[in-house]
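One chain, chain A, appears in both complexes that follow, with chain B as partner in the first and chain C in the second.
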Partner chain A sequence: MSHAAERITLDQWDRRYAALRAGGLCEPAYGGPLRRHVADGNSRLLKLRMDNSPAALRLWNFLLSEEQRLHQARRAGQRLVGAMKDLGTVPVMAYSLDGVAAFYADGAWWLPCLMENRTGMLELADRLGIDDSFCPVRAMLGAFVSQAHFPLPDLITCSVGATCDDMAVIAQRLATLNFDIFWWEMPHRRPPDPGEPGLVLPGGFSAPRNQVDLVRAELGRVRQALESLTGQSLTDGRLAEGIGRANRVRSVLAELRRLAYTARRCPMPALEMLIAEMLAIHFCSDQAESLLVLEELLAEVRSRVQAGEGPLEESAVRVFWVNPVADLRVMNLLEDAGGRICGTEYLFCHALDPIPEDLPPMEALARMALADPMVGSPVDRAGRIVADVRRFGAEAVVISRIPGASHCGLEGRLIGEIVGRRCGVPVLEVEVPPISDALEPALRTRLEALVETVKEGRAT
Partner chain B sequence: MNAVAYCHPFVPPEWIAAHGLGPCWLPCRAGDEPAGPVRRGVCPVASARLDDFAGPLPADAVVLTTTCDQIRYVAAVVQHLGTLPVFLLHVPRTWQTGSTRAFYREEIARLGRFLVARGGTSPDDDSLSRTILRYDQARAPLRLGHDAMPASAYARAIDAVRGDLPETAPGESAIVAGTLRVPSAQGGGEGGRHTECACYFTGRERLVRLALVGGPMSQGDYQWLTAFEDTGARFVLDATEAGERTLPAPVDLDRLKADPLDELVRIYFDSIPEVFQRPNDRWFAWLSKQVAGRCVRGIVVRRFVWCDHWHGEMPRLREELGVPVLEWEGTGNDPRARSGAAGRMEAFLEMLR
Partner chain C sequence: MICAGIDAGSRTLKIVLMDADRLAPVASAVVDQGVDQDRLARDLLEKLLHEQGLRRDDLQAVVATGYGRKLVQTAGTRVTEITCQARGVRHGVPEARTIVDVGGQDSKLVRLKDNGAVADFVMNDRCAAGTGRFLEMLAAQLGTPLSRLGSLVGQSRTPAVVSNMCVVFAESEIVGLLAAGVPPEDIVAGVETAIATRITAMTGRNLSEPILFTGGVALVPGMGEALQAALGRPVLIAPQPQLSCALGAALLAADRSAERR
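Up next, the complex of A and B:
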């Protein structure tokens, strides 16, 4: 059933869903009307405008059914791995084994947004001493302690070292509450010194050999923990197959991003693209299904690009977005202001790059993990953003700060200065709390001003 | 002699000194400077460090550590500005495995190459051992007993042994802390802390015994505490970032002889209990033991806004140490902020009496 691409409200989605069903829409088991997620507490959906394609419907349903999926996995006897502060490494290893579901426990940081602060997670974190001076990922603490969302994992891993203090502290708080955390070290990535053995990592950053060796050794410990958990041997062969599956997800996503961010007319809104990118981190607890979800989204995007269709005006200002937003609604605001996303760096660009398949698997995973933009200098990160701004032809950059996050105090000004100077584009830094309604007029005005600035520049 | 500045206890000053350079300990100034800019989301310590490195510095290079995420970003800012050579030492947060210990050792070796590039000379084992011993001897009296001494004087004495210590003949005292003389390990209890302790607290044994816990303290912070010492408090434990908690372990002569660099790793990486370590059970166990062993009746926790590490530990400090805890929050570069804390401190002391 054809339908012009547009962003629609949940009320509109009710009608759209009925029409799709009447037209013979086939859905996976987790399918259904989006409205039911509001009944489950995800009231933020009422304030979002979502893409109207069946592919987007499937994407949203896949995202919002993750908790059910994890509970089902637990009931089915699967082993659950909660990967904390690990954007894309341990899940690749976990999904190389049979009967394992890995998930991104930090993902609970979106619960306050989706449930409009009615989860009680932040209040619980407050009571446990982790107040709003911490980043919204503190909702994860409440989720672990209350067990009201995801089931308790059988193995909890947490990367520490050159990572944000918020996560390190919240995970330590969990440890003091008797949660058994498997810590693994991530060194601060730096370029090799002159004469020091080094190598280029996936994505283009470089690192000395001994850092890769350390990470490989640390991931070796993770490998042993996974083997102990499952009673299976995580052989190089299995890992290679797992890397291959992860790369298929990444390659679909890469094509999706290329098309979405370079098309003359934006074929897929920012919100859906954000969620699609997030799937690369942990596959939303079902690796095989995440691939199918992305493939359907890619097919929709291809179709729209070929037809020159899209939900936004062709004149929309091309904006590169840095850091994920705590409030999903802000992605709508950008588009309402006349912008579109043309490139992103949501803190996990390393999870989008292909994992080398011509290396021993543990070496490849170590290199990929060390390519995490957050573990290196923000100057390096700015360099990658510069390259991507140019690649996608972005006309402006928005750096969204995460309230309380240890990395956001200083990185924004540094990245903004470098990217603005080298790319010659305006840079806007905003702070986005989990619910931005109170700030919406100011955010809207600032985004509109950015868009107008670019459009005035086009005119001259 | 070129000086190399540093500001975290996991950087061994004896390693800098052994390279023929002058280790320059940069005390924290957060809260001491009037009307400094408040950077949103930036902890005042990181902010003060940025100010340190933007102005004249008594050093030609600086060593920073990854022990705090915000300081890691400060290093990036300073490197980007290019005004000062910066070495960022990765101090592993995990400590359970040989690989992270080996990595710290490699980082120390890499620091050595940085020091050589700054004009230093790579030390042989004998010269490194002698330097390690010199610092160990200077620190020894600071570990002896914990009889009361003004917190600010003790802090100055510790600061001094983190700096450039003059060469001394074997058995001779090292001169530290200006006119203070700290005895050598063999020299007994003359001078230094012990002499001053005796003068300062004689006949005042009914004072309220307190512990200082938390992140970096500035000289202004310590001076401010003096007012409370005058009214009946006695700080018998300084477990702040630059306090006795982070003094390296005593040197083992046999190990030193066998492998001086490995002994340096042992007395620092293996031995210093730190809040940033994961898990940080060693830090908490150390603190619990010290609080009990020194009959501490109350704990004053110095922490700065946006410092996640100390903020996150407040619940455990309150729940598990069994003594009252006063949270002393620093909000920015404004000495007036201390006056706001004075009333709370006085009330805390009254409660404990």
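Up next, the complex of A and C:
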């Protein structure tokens, strides 16, 4: 820890960066001042407050340089795999091979926020018949068609079935535009019937044996597609090594979350923790570097926790957050209102769990994929949230809905009722569009009221 | 010792002056909102103080609440409407366990603990369907002052069915009902039912009684009955429902002032 921890604006980051450079800061190739990303169109940065550590600088630069990294990979002759909606499975397989970079094309859903709706991607999706009655992930459709962001992948995979209705519709539309999509099926997870052979999945959900078999067979087809793409054999040995590498990322992240969410004083702001969690599922197109980025962040967090320092007041209300926000600024708003993040369920919490290393690799990946909270009952999802709310000692829960996202519309209310009843903490549901400026007073009131409610409860 | 609560709501600005030693209101006032909320609040506060023979220096503490609370520089502290409503209700109707508050632009449901503190709350989203805005639109459509809607509703024999929950679409529906010759009083009754139904959609399954109705919309005759019918439970209308939030703010100002002493 080199500087008192605080959240700073981009203007403040300009001065901080100059001071760090003058002090001898060493940066990776993608380093540099954060200001340059505004020149690339990411104007939302001007309205965010970010952590002031060199570790956070590296994290932001790593995230915001992904498009350049993908283009460099293409120029270097690497094979690109665009994985959609499996959240934590296909990239693990892809990074088990040489010369492959995998990425989540659906990650483009944050571009309208980062570029403050100046991408034209949503308008393009509108013209293709995918309007705002769908999740903002429809921005991905615009990104594919415009080719203004990521290069076209050599292989596009997409899981369908129980994963996400919106995503299925958007990817189907993409397929009609002559994008060749490798579909694989994900069944709706259910507990085994009485007498039916079943097993417990990572994270604690259960499923019938035959569902795991089905997913394993489907992933077997993905394995063949990856082998055909690269001309390499994706052996069990290679997969086991790939799983080991993914687990190293996950273990660093698990420690980061444990420290950040249980410390008396919050050591790392919500925005940086959100980005860190995302790295566990897509590695930002560079698995090895994502590990280094997370390790540096962990070192910073460890140092702050030991010193009892952090960017927020120690009295900040401990909030568990459900679903990712379409507008990153809302994570700042929570902290401005007097809250801090103590636990999250951003729809991919299964990808934060270690992949079993004591099972045949394809069996382990199949079980992991089926542990996805999105492919089961919302009651399952609520159960995991309840366990994590208790584990991290959260005092309140915020469920943020994504406009148009079918999962959020259907599940939020039910999850809220279950979590509120079982945990006895206030639960707040809010809707967050990609740019929430016009709603900021309303969002701020809700978050401040939640903080006041918890603080009044503490006092009594 | 005198304290004040200022509720800078979306349609009106309310102030309650409180004798903090007796925890009793000494004066209150309501004015329509304007662009310069701070000036509006300052002027109204000065007027109230003057009427009571008081000076600005006599004020020990001022708490602002409402959507415009950040703009009211006169206040030393800003607190959300949720906390203020709960404090006001705890003082006036301590047995209440649920507050349904319907204002000009939003509606909220606050569940209270046995000690009157907030257990949790729900607020409507961007849609204005369950709010006073719906009634304002209706009054404009019927060419009737808002204050007359209440007297109309008492004459309704067959309330119209207003199916659209969106104010914009409902406006078209009301035009259609008028064109079909549906009497205005039946349309008013239908809209009140639609608002109440929208509010009940926020409530979920756990609703503890007594239920208290606050906010400016509670003043509209017929709304309490419509809400009661939609909830299927008895609903009490708060004394001076439009002022309950400002009262809570004044009480919080008194609480904070007492803590400092």
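Just so we're on the same page, the second predicted complex is superposed on the first by the 459 of 460 C-alpha atoms of A that agree within 3 Å, B and C clash if a C-alpha of one lies under 4 Å from a C-alpha of the other, contacts with A are read in each partner's own complex, and residues count from 1 in each chain.
Here is the rule we go by: a contact is a pair of C-beta atoms (placed from the backbone, for glycine too) under 8 Å apart; a residue touches a chain by one contact, two chains touch by 3 or more.
Only a predicted model underlies this, so the values are computations on that prediction, with no experimental measurement involved.
Novice: Between chain B and chain C, whom does A:377 touch in the aligned arrangement: first, second, both, or neither?
Specialist: After superposing on A, A:377 lies in contact with chain B but is clear of chain C.
Novice: Does chain B (first) or chain C (second) touch A:429, or do both, or does neither?
Specialist: After superposition on chain A, A:429 lies in contact with chain C alone.
Novice: Mind telling me which of the two, chain B or chain C, contacts the most residues of chain A?
Specialist: More residues of chain A are touched by B.
Novice: Looking at the overlay, what does A:456 touch: chain B (first), chain C (second), both, or neither?
Specialist: In the superposition, A:456 contacts chain C only.
Novice: Of the partners chain B and chain C, which touch A:404 in the superposed model: first, second, both, neither?
Specialist: First partner only.
Novice: Between chain B and chain C, whom does A:420 touch in the aligned arrangement: first, second, both, or neither?
Specialist: The second partner, chain C, only.
Novice: After lining up the shared chain so the two structures overlap, which partner does A:441 touch, if you call chain B first and chain C second: first, second, both or neither?
Specialist: second
Novice: Under the stated contact criterion, what part of chain C meets chain A in this complex?
Specialist: Residue list for chain C touching chain A: 67, 70, 79-83, 106, 115, 117-123, 125-126, 204-206.
Novice: Would you tell me which residues of chain A are touching chain B in their complex?
Specialist: 128-131, 133-134, 158, 160-166, 168-173, 175-176, 181, 183-185, 187-188, 190, 193, 210, 214, 217-218, 221, 377-379, 401, 403-411, 414, 418
Novice: Considering the complex alone, what residue numbers of chain A touch chain C?
Specialist: That would be residues 413, 417, 420-421, 426-429, 431, 439, 441-442, 445-446, 448-449, 452-453, 456-457, 460 of chain A.
Novice: Which positions of chain B touch chain A when the two form their complex?
Specialist: 39-43, 46, 66, 68-70, 72-77, 79-80, 88, 90, 92-94, 96-97, 99-100, 103, 106, 110, 113, 276, 278-280, 305-306, 308-309, 311-312, 314-316
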